[in-house]
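Mind looking over this structure? Questions follow.
Think of it as A, B, C, D, E and F in the order they're written, each chain with its own count starting at 1.
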Amino acid sequence: MADKATESLLVVSAHAGDFVWRAGGAIALAATRGERATVVCLSYGERGESAKAWREGKQLDEIKALRRDEARAAADVLGADIRFLDAGDYPLLESAELVDRLVRVYRETSPTVVLTHTLADPYNGDHPAAARMAMQARILAQAVGYDAPGEPLGAPPVFSFEPHQSEMSEFRPDVLLDITEVFETKRKAMRCLGAQEHMWTYYEDLAARRGVQLERNAGPNLGLLKNSRAEAFVRHYPHVTATLS
Amino acid sequence: MADKATESLLVVSAHAGDFVWRAGGAIALAATRGERATVVCLSYGERGESAKAWREGKQLDEIKALRRDEARAAADVLGADIRFLDAGDYPLLESAELVDRLVRVYRETSPTVVLTHTLADPYNGDHPAAARMAMQARILAQAVGYDAPGEPLGAPPVFSFEPHQSEMSEFRPDVLLDITEVFETKRKAMRCLGAQEHMWTYYEDLAARRGVQLERNAGPNLGLLKNSRAEAFVRHYPHVTATLS
Amino acid sequence: MADKATESLLVVSAHAGDFVWRAGGAIALAATRGERATVVCLSYGERGESAKAWREGKQLDEIKALRRDEARAAADVLGADIRFLDAGDYPLLESAELVDRLVRVYRETSPTVVLTHTLADPYNGDHPAAARMAMQARILAQAVGYDAPGEPLGAPPVFSFEPHQSEMSEFRPDVLLDITEVFETKRKAMRCLGAQEHMWTYYEDLAARRGVQLERNAGPNLGLLKNSRAEAFVRHYPHVTATLS
Amino acid sequence: MADKATESLLVVSAHAGDFVWRAGGAIALAATRGERATVVCLSYGERGESAKAWREGKQLDEIKALRRDEARAAADVLGADIRFLDAGDYPLLESAELVDRLVRVYRETSPTVVLTHTLADPYNGDHPAAARMAMQARILAQAVGYDAPGEPLGAPPVFSFEPHQSEMSEFRPDVLLDITEVFETKRKAMRCLGAQEHMWTYYEDLAARRGVQLERNAGPNLGLLKNSRAEAFVRHYPHVTATLS
Amino acid sequence: MADKATESLLVVSAHAGDFVWRAGGAIALAATRGERATVVCLSYGERGESAKAWREGKQLDEIKALRRDEARAAADVLGADIRFLDAGDYPLLESAELVDRLVRVYRETSPTVVLTHTLADPYNGDHPAAARMAMQARILAQAVGYDAPGEPLGAPPVFSFEPHQSEMSEFRPDVLLDITEVFETKRKAMRCLGAQEHMWTYYEDLAARRGVQLERNAGPNLGLLKNSRAEAFVRHYPHVTATLS
Amino acid sequence: MADKATESLLVVSAHAGDFVWRAGGAIALAATRGERATVVCLSYGERGESAKAWREGKQLDEIKALRRDEARAAADVLGADIRFLDAGDYPLLESAELVDRLVRVYRETSPTVVLTHTLADPYNGDHPAAARMAMQARILAQAVGYDAPGEPLGAPPVFSFEPHQSEMSEFRPDVLLDITEVFETKRKAMRCLGAQEHMWTYYEDLAARRGVQLERNAGPNLGLLKNSRAEAFVRHYPHVTATLS
């Protein structure tokens, strides 16, 4: 139904690493299908996500460079373009200017699918801030009267990717995405993120757990585990479709 | 992705008319695609949905026959098989026996999609009772140890179709189904239900309203109404998929 | 219980058209009873609600003038005073200054009933922003210590009027207002809004649907449709009353 | 607006004392206005609400008689008719037969307002059971096809009265009823319930607390306490009205 | 604060295996502290939890014996008494008789802590049924007037243990229990359950994931993983305490 | 388990009086145990909480001094240090600067328990603003990369204390704290607040009501009231523990 040439995935990530842990599979799948994939990192996660580097005595600029390089390497592995808005983190401050920069990205990339954080996360204020700005910018980009280059945006579906502590962030999966075929790619991308090495196993295990749930929700053969790997998402707008499935 | 020959839609309806107003489009779409569609009416709606007939002085047996004939005619128009369990309505009483009869229908028809009522409806106690039994029977039918003929059921997705007063029944649409191409069929099926004539216009208008929302959620051209018609559904389990859309 | 001479309705509307579609009946009813009715438009909806005008190539100032004239005409039909704060839309930015301007309107008009948007609306960020400011200003206006002219405000009830997609905006009606007797007036007011012609039928149909629900919630004669027209509202504070009804 | 002669209040109470603590003011107000008021006690609260009597060594029949006499005395003070269905408590078992008995009470008394328990109460399973039956019976009584004497019921509003631990029972007040003028009557009725003497002060204090909130929600003069007394209620269906207030 | 000699843990489990996967750590901790621990299995899980045995062609009686032996072995490892009510599963039918049997267990064991399933589980109807009965029986056991041997029960806190798909079962952890010191015991108990071998790794991984969250919620040293193991619980009543922590 | 010498309680209060009414017992308990207790008042409540003083014709500076003196006296009675950030109230404006000042307090006092307002309060916009800033500052203070003096914060639990109208502020108690032994101290502290004399009785009654609920949730002897006094709290993060109780 979708035309590969016009499919375009946009991922709005608060920090440099988020898009890898939480949506790396979705990005790799899109790239594998030959679709455009763009990652926007609002910050480098230089303050809130780089504890290891700070403990090693690195300076702010070094840390930003380090996180940028890691994120770029991961994006390359996944097959995505990546942009860094360098808006600062911890806190990531919401502003009309930053939202406007996102509007311009929407207008330029014409996404057909948008991924971002959850609107709640009691462990991290930057994540909901990023999600609010991503959603607000999408609405503004739709208005023909909004003063920014490009055509008004359509109505791409928006999905929240999985937060670190799902239940505490009111994350109840609406979609389980089968990423089995690209899981090695995601694993490779995760391993580009040396600053957060302690997350590697956590997110590999999570992919397996979501894979078990995918199998449970997909079909009957409860005992026959197929080692599926999955990512979970929450959908923000009704799914428009011609077929129930 | 789906094999038409094995696709099978099961609709569990509390009363004889519910499946037409609320899921007629989904049924017609499935039938049009050559898929199997089965409607189970737990009751005829003889007490709770037949006010006009009671006011005309008809007797219980007459009313049941009348509703059965109307429902069968509507199912024929939509292209579905229909079965009547005649379990009584107002109240529709939940029982292990009635759930067991539903398990057997699941095992026999091997549905790949299930439609039923919402779990909340403050205006009608039979609707949630039907939904609870439909969902319980689906779980039982999955167990290889459940003693009923046929193979264990897979994990077909379950959707609630739209109740009469959506907001009061905690109905927040997850899916907007485009029924434009089969809307005339649905209209014709609705008009088989003479006992509830006052509903015809209400559900035609609803289809138009949901159509406007479908367009709003699907794309950009706000001003260009295409007269879409839609039905809304709530999804009960995560959507298992290989593509976000 | 209420003294017509002191009853005062205040409607806080994000854009120039909102008050008509969503609360035109409530305004006309108040005016018909001889009560004061004041509409505050925070913006003209010049960017977000004027797609048709932009597509016709009009300029910003023209569009603002156009929307102002249309809104004023509609307010005249409904019998309300109208004020334009011209704070800009898409985005409507929240600020202490704008809230202060609203406080002054509260202090001046001493509303006994307040109407505004819902606090959630995933399709429009301006609507919740307007609602938050309307509710914050009401609280500030109550404080004797708040530095603005006039007497401290009482505790007028606040109602959210109906958003475009009710379920998605967590809008569960608490009140169904019978607007049958003023519906022609509302229709006439809606037709003042040429910039949003595609909304006319949508909101006429909505009034009919809410009318059917009003009848269903009001009384017994399900089959006897009286062609009521209604508007739905959500109440934000407990209803203080001496009679349950 | 309401005709005193046809106004009829129906209170469905799980145990013999509930209607006094939680709705005594509403009942007294209705009686004071010359309206009909009927209390149905599904049980005497003989097992779950009579700890003091059991500790004194009384027998089941004695306790039932004691609670019946107390409840009747309280109903007399409030000005209500009272009926005892003696269906047993702790547990109060739901059954089609008991619901049918309630349907017949609805058909006979034609209530214009219905009061009952909350649908949630983690401290008492009988309360939600009573509420579910009261709401189901109301729906059945509306159906012309339901086989019971009398005319089909209209659509009387249903209110939940306040449970013992409001927040734990998801009780968020929608209505604060001013019972100041009948508070002495309620106090006198409460004191008829010797078996639950420890509740007297608790519910007198609650009436004062709800009274403070009534004043806070009603008007401006925060510092001028008027010693109002109030009862809180949750409304289950939209309020149908011709005036917002 | 607690006296070991009077501490008593009661676990109400729908099927023979549930208590091990979901609360094995809590049970082992209690036993290690010298407290009494009692497990009540309402059924053997003979139909719904024994797919492997059915596929191997075993008969109902064999399967029940198999599950009983496995469960008893696991309980022995954990240090708990175990009882089997053999009430049947898939479906586990709620009845006043079964609740009464649970009341008698409460009265006999005087639990100071109660563990059971969640009240929601869209994948398994027996789990919520068990939880409802466990909670209803606790309330009944508190009433001095309830006719069963033993003293009235106090007010032991009730916790839901973790369901298989937490987010779908509205499971938002209120408590993270540190089971690191008894994790080997839990692992050993899990491995008694040969009928559900596919669950071993899943619940070992879950313990690790909950352990990471425990560390995140307990303290500062994000990067210093200590390999904690944890179980998550939801609390149903307010925590009564003399110290906030 | 806790070391008195390192226990540190931090209370973030929007206005000068809030910490007394809502958390005075918790503060007194901590101080009694020899723990450090620090209160931060973001404002003096000079506009929103000082109606009596304004009505008496006092000036802004007088009122601020008055409230500061009263609050300091109450803190002295309770045994807490107190600081005034004088950020202004009605409205209390959120800003990165104010959050940064709170981060520095966190880093300096190393709280092991944090108390603040609820995140919702439809009667007072300053309360949720204070809560949001308190929670955001806690997260920022945890990051080693955040540029402020002191060590990164651990993960102290956060509790919301009770708002004025609990149900309307989505306040469902998770914790009932027994303050019986320090209640006279709390009463004395409350009476330091002459500017809000109308609150004294209200909060004394509330402590008694929460005390009754504490007894109900703690144990069996329903009829034996012990005149407990309690404060209620909502917990924001899972409770990390080695013992269920």
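General observations
Basically, contacts are C-beta pairs under 8 Å (C-beta built on N, C-alpha and C of every residue); 3 or more make two chains touch, one makes a residue touch a chain.
Computed from a prediction, not measured in an experiment: that's the story for all the values here.
Common neighbours of chain C and chain F, by the contact definition above: A, D.
Counted as hops between touching chains, the shortest connection from chain C to chain D is 1. For the pairs E-F and A-F, the larger set of C-beta contacts lies at E-F. Residue numbering shows that chain A and chain B use the same positions for more than half of their mutual interface. These two copies of the sequence, chain B and chain E, are related by a rotation of 120 degrees on CA atoms, to the nearest 5. Between the CA-based centres of chain A and chain D the separation comes to 52 Å, rounded to the whole angstrom. Centroid to centroid, with C-alpha atoms defining each point, chain B and chain D lie 37 Å apart.
Under the contact definition stated at the top, the residues of chain C that touch 2 or more other chains are 51, 55, 123, 168, 173, 213, 216, 237-238.
Chain contacts in this assembly follow no simple pattern; the graph is neither a line, a ring, a star nor complete.
Under the contact rule defined at the top, the touching pairs of chains are A-B, A-C, A-E, A-F, B-C, B-D, B-E, C-D, C-F, D-E, D-F, E-F.
Residues of chain F touching chain D in their complex: 51-52, 55, 123, 164-168, 171-173, 198, 202, 205-206, 208-209, 212-213, 216, 222-223, 225. On chain F, the positions that touch chain E within their shared complex are 1-2, 9, 26, 29, 33, 112-113, 115, 142, 152-155, 157, 159, 173-178, 213-214, 216-220, 222, 232-233, 235, 237-245. Residues 46-48, 50-51, 54-55, 63, 90-91, 93, 122-125, 168 of chain D touch chain E in their complex. For chain F in complex with chain A, the touching residues are 96, 99, 135-136, 139-140, 143-147, 236-238.
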